[in-house]
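Going in written order, the chains are labelled A, B, C and D, and every chain counts its residues from 1.
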Amino acid sequence: MSESQFRGVIPPVVIPLDENRKLDLEALERSINRMIDAGVDGLFFLGSSGEVAFLTDAQRYHVLQEAVAMVNNRVPVLAGIIDMETMRVVDQAKRAKGYGVDALVATAPFYALGGPKEVERHFRAIREHTDLPLFAYDLPVCVHTKLDPTMLVRLGTDGVIQGVKDSSGDDVLFRWLCIENEQAGHPLQVLTGHEVCVDGAYMAGADGSVPGLANIDPVSYVEQWRAYQSGDWERVRELQDHLARLMFVTRVVKATVGFGAGVGAFKTALWQMGVFNTNQMREPVQALEGEDVQAIVEVLKREGMM
Amino acid sequence: MSESQFRGVIPPVVIPLDENRKLDLEALERSINRMIDAGVDGLFFLGSSGEVAFLTDAQRYHVLQEAVAMVNNRVPVLAGIIDMETMRVVDQAKRAKGYGVDALVATAPFYALGGPKEVERHFRAIREHTDLPLFAYDLPVCVHTKLDPTMLVRLGTDGVIQGVKDSSGDDVLFRWLCIENEQAGHPLQVLTGHEVCVDGAYMAGADGSVPGLANIDPVSYVEQWRAYQSGDWERVRELQDHLARLMFVTRVVKATVGFGAGVGAFKTALWQMGVFNTNQMREPVQALEGEDVQAIVEVLKREGMM
Amino acid sequence: MSESQFRGVIPPVVIPLDENRKLDLEALERSINRMIDAGVDGLFFLGSSGEVAFLTDAQRYHVLQEAVAMVNNRVPVLAGIIDMETMRVVDQAKRAKGYGVDALVATAPFYALGGPKEVERHFRAIREHTDLPLFAYDLPVCVHTKLDPTMLVRLGTDGVIQGVKDSSGDDVLFRWLCIENEQAGHPLQVLTGHEVCVDGAYMAGADGSVPGLANIDPVSYVEQWRAYQSGDWERVRELQDHLARLMFVTRVVKATVGFGAGVGAFKTALWQMGVFNTNQMREPVQALEGEDVQAIVEVLKREGMM
Amino acid sequence: MSESQFRGVIPPVVIPLDENRKLDLEALERSINRMIDAGVDGLFFLGSSGEVAFLTDAQRYHVLQEAVAMVNNRVPVLAGIIDMETMRVVDQAKRAKGYGVDALVATAPFYALGGPKEVERHFRAIREHTDLPLFAYDLPVCVHTKLDPTMLVRLGTDGVIQGVKDSSGDDVLFRWLCIENEQAGHPLQVLTGHEVCVDGAYMAGADGSVPGLANIDPVSYVEQWRAYQSGDWERVRELQDHLARLMFVTRVVKATVGFGAGVGAFKTALWQMGVFNTNQMREPVQALEGEDVQAIVEVLKREGMM
């Protein structure tokens, strides 16, 4: 296991809004402190769960500015530099660096797809323009490209990337990524984006996790990580079963599908638990209402979160 | 057939670069003039073929500023406002308007997908923030959502959008879009993004075409449009066969796939024909070389373009 | 245009069932005669619309036996030999031949997918075991492989296949198939499986069409083909618009999706028009009822079919 | 944990062929005995790895007849009844039963897709025609439908199915299936089809595994199962890492993709290990040769299998 500072539980931070759909700084600070107090090992801003796609550039950098100040070096801050193609990502990287973040997280190019040569060149080009630690973000559901494990380890060995956040849902390739990474001397910090199968990812040798659900229950993810570190697999599994059932907050939503059901459920849970002041979402997504809110509350109660 | 100014052949403008991958203004003006002289009815900047995804915001607006000046009101200028989600698109819309373009072109949200409710709300939200004519850009290969014909006609009837650029490749739904549009009184200008099946789209009742290949052979597309207007279907068909064979420039590429093979072939053809000074592409795409260039030249010669 | 007997309008025959979901021979003969009287140039049994996937082998060969007798050499009979992989298809081919059909129609392998080498070898292996004219059936929606135009023309030049039934919905590749076929001396009879864009396929140079909707309105498809043969493109287009609107029978269905909505709507229309005695479907598909039937009737009335 | 006889390690049996691509009974018996001697808890014939799609019906029932005799009640025999749609599957079920198998395994309908109603009706219709224990086989890579966990548990509670073989690769839904199954009183035996992430599936509560790789290394899978039963998670994990590296036999293949690379690598390994007499595949798949064979041997040696 590496000595990197980028290991353990690093939640992607969900962003609270007020009733006018503006950034709610008070709730943001409450949520950040709640996660740090629970013992998380880092925080990832401007990820998919952090509504990076829905924020204008001005809003993105407002979030980063406030977040870095609120975190105040208590844990490392990772920042998503999510944009369509290479030079737009480089643009985001340069600006994010100015706000004092500790690492950057970039996906493969999306919108106009190419082949594996373009994907690899993309990460190498970003590195040529930035010096912060860089994580490759594997998220085919948004990016429509699966990152190849062999390429990732090659990028790690060459010092292009320092780690991977794997939200691919492809646990076979994740295992093979972990194996190839070990065989190469562990150049990469390999983080799973799973919420529901983190125990399997730890079995595979993950260096940490980046679960959106940790916004709701950071304590259990932190305890699970520590149980893993101490070899208590039955506890790892037991906590995972609780968290898998808690993730039903996203399964009970009936009014919409996709992002609005996923992050929409997280925001609704945080609102009902008193961490957020609303469950507002950004355009074009609407906040969940009525029966959906009630169904989410029932899941929270069943799992002892309320 | 409507009296709209947005009809006929409206090429998406491919953007020339110099050897340093910087915008080549001389070549851009030559290409624009060449298309206007051929009789095109409009020009579409910052579309997919216009490398919108590869341009930083500063580069995007540099292109628009120069393009509007170069076109100088000879034909209408449409501008892509392509970004991930609603408020980022609105941001692009506001800036594009400042440069004096005549219409805006927006896709559905991409990156974080939702359902049909979010797609419809997205276009309505853009309209609330903009007053320029707005075209919906249906491009599932990049956007991963197919726009529903019934929704499009409803948006047209409600004055939200003025037209559609259909690059879906789904000719059944295109036909149904044309039929539903007629039944509603033709609220939409329906433009096909096809290069190879424009004759079929005209059979279906399209109001025009937006073919990337018209950068290479604008004369044939303009003649095809005029043949269609005069009911000379055999000429429409004959020109289409030529253009379908000319599109083989994108099929003969072996070195890469996707965008680099498509727009890469267009740039290489324009370079070899003397319209562009190079065939440079933006990161992470590499310019075509060697055998690929030779194969493209052979297609051009076979179709009488060189 | 080739002198092949496999050209013009060749409907895939929809199979009528009685109330007990058994083959309804009386209705089958009525429907066959109705299409032959309308002037169709061939009939295709055991295609997707012919419920080939839903029939046991015994039922498949019962259909073929009766169909060959009913058609009685008035038009050529094509038979689908649809099965999962090569040797199962060969098995089907041998049996179909015994019933006196004129040509065979086979898809690429499905279930266990391979690459292009396996697809090409598959058709060559079928040819080694059969001597009837063989058509390649390009149907990615069921088969999950798109047949490559260059491979198809190579198979044609080598005498492996005599033609293609293209139900891919990819009109660009269809155009290129037609062009490559011409350049090779027209070894293939290229038939479109479109219902809604047959005019575009004729523009591309198709040798005929295989539209399921011709079970409902064979007269219009036959007239359209003849208009195409005489160069009356305006009539081709006008008939296509009618047929495209008639195809709304499949769009108005609300109770289900996929095959049950498509062929289910065809059966319901034929039942309401008095050609079939029921609209029964085979397990696990349920016959359409209530509002769906009413909506289909309205489409039929609007298009003058009732 | 249920007392069902269908639990533990149940390999899908890979079928050996001789040089003429005929069933090699000697090698089949050797491989069956090797797996039973290693302690497997059942054997699954006519699954995807068992080339069910490539066998004619006559060949399928030849395999079953011989297999049942060779196994001779030492372990339960499960038989795939894989066909396109419901009544063809029922046909297969009736015949398989005659050969004395202990359970049947059926996928959702494929070829002509419907919606969730048709999928559920399909399994209920099979049950109406059969009385043997029935497993639902979730294999979207071949079937193009993902089975919904809630539907599966409902089918279990209603006595329609006795279990699930999950080869979906969707470990989130697998976890939720296990959770819903527990909440319903464990009506289903839930078996994972993973080779590489079996430890994660055991963490989730799987009742067993059906790994094709167990044809090559049955001893390790059996030991892994027993370690899981005794709570020795470190040993479960260690064995999994070995098996994940052994699965590289399928990753080193360069000559083809898909089934030919997967099962082709298994056959090549078994041949090189002396269990099979050849690595022949059925049409249209070709046996692996040269460098691919060598690369597979190297993996086997590295993992101590040769």
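Odds and ends about this structure:
Assume a contact is a pair of C-beta atoms (placed from the backbone, for glycine too) under 8 Å apart; a residue touches a chain by one contact, two chains touch by 3 or more.
Heads up on the chains, UniProt names are A, B, C, D = Dihydrodipicolinate synthase family protein.
In this text, all values refer to a predicted model and were calculated from it rather than measured experimentally.
The greatest centre-to-centre distance from chain B, using averaged C-alpha positions, is reached by D. If you average the CA atoms of chain B and of chain C, the two centres end up 35 Å from each other. Per-chain Cα centroids separate chain A from chain C by 49 Å.
Within chain B, contacts with two or more other chains are made by no residue at all.
Touching pairs of chains, sorted by label, consist of A-B, A-D, B-C, C-D. Interface residues of chain A facing chain B in the complex, by the touch rule stated above, are 48, 53-57, 59, 82-88, 91, 109-115, 117-119, 121-122, 125, 141-144, 256-260, 282-286.
Contacts from chain D toward chain A in the complex involve residues 169-172, 175-176, 179, 194-197, 199-201, 203-205, 231, 233-234, 236-237, 240-241, 244-245, 248, 251.
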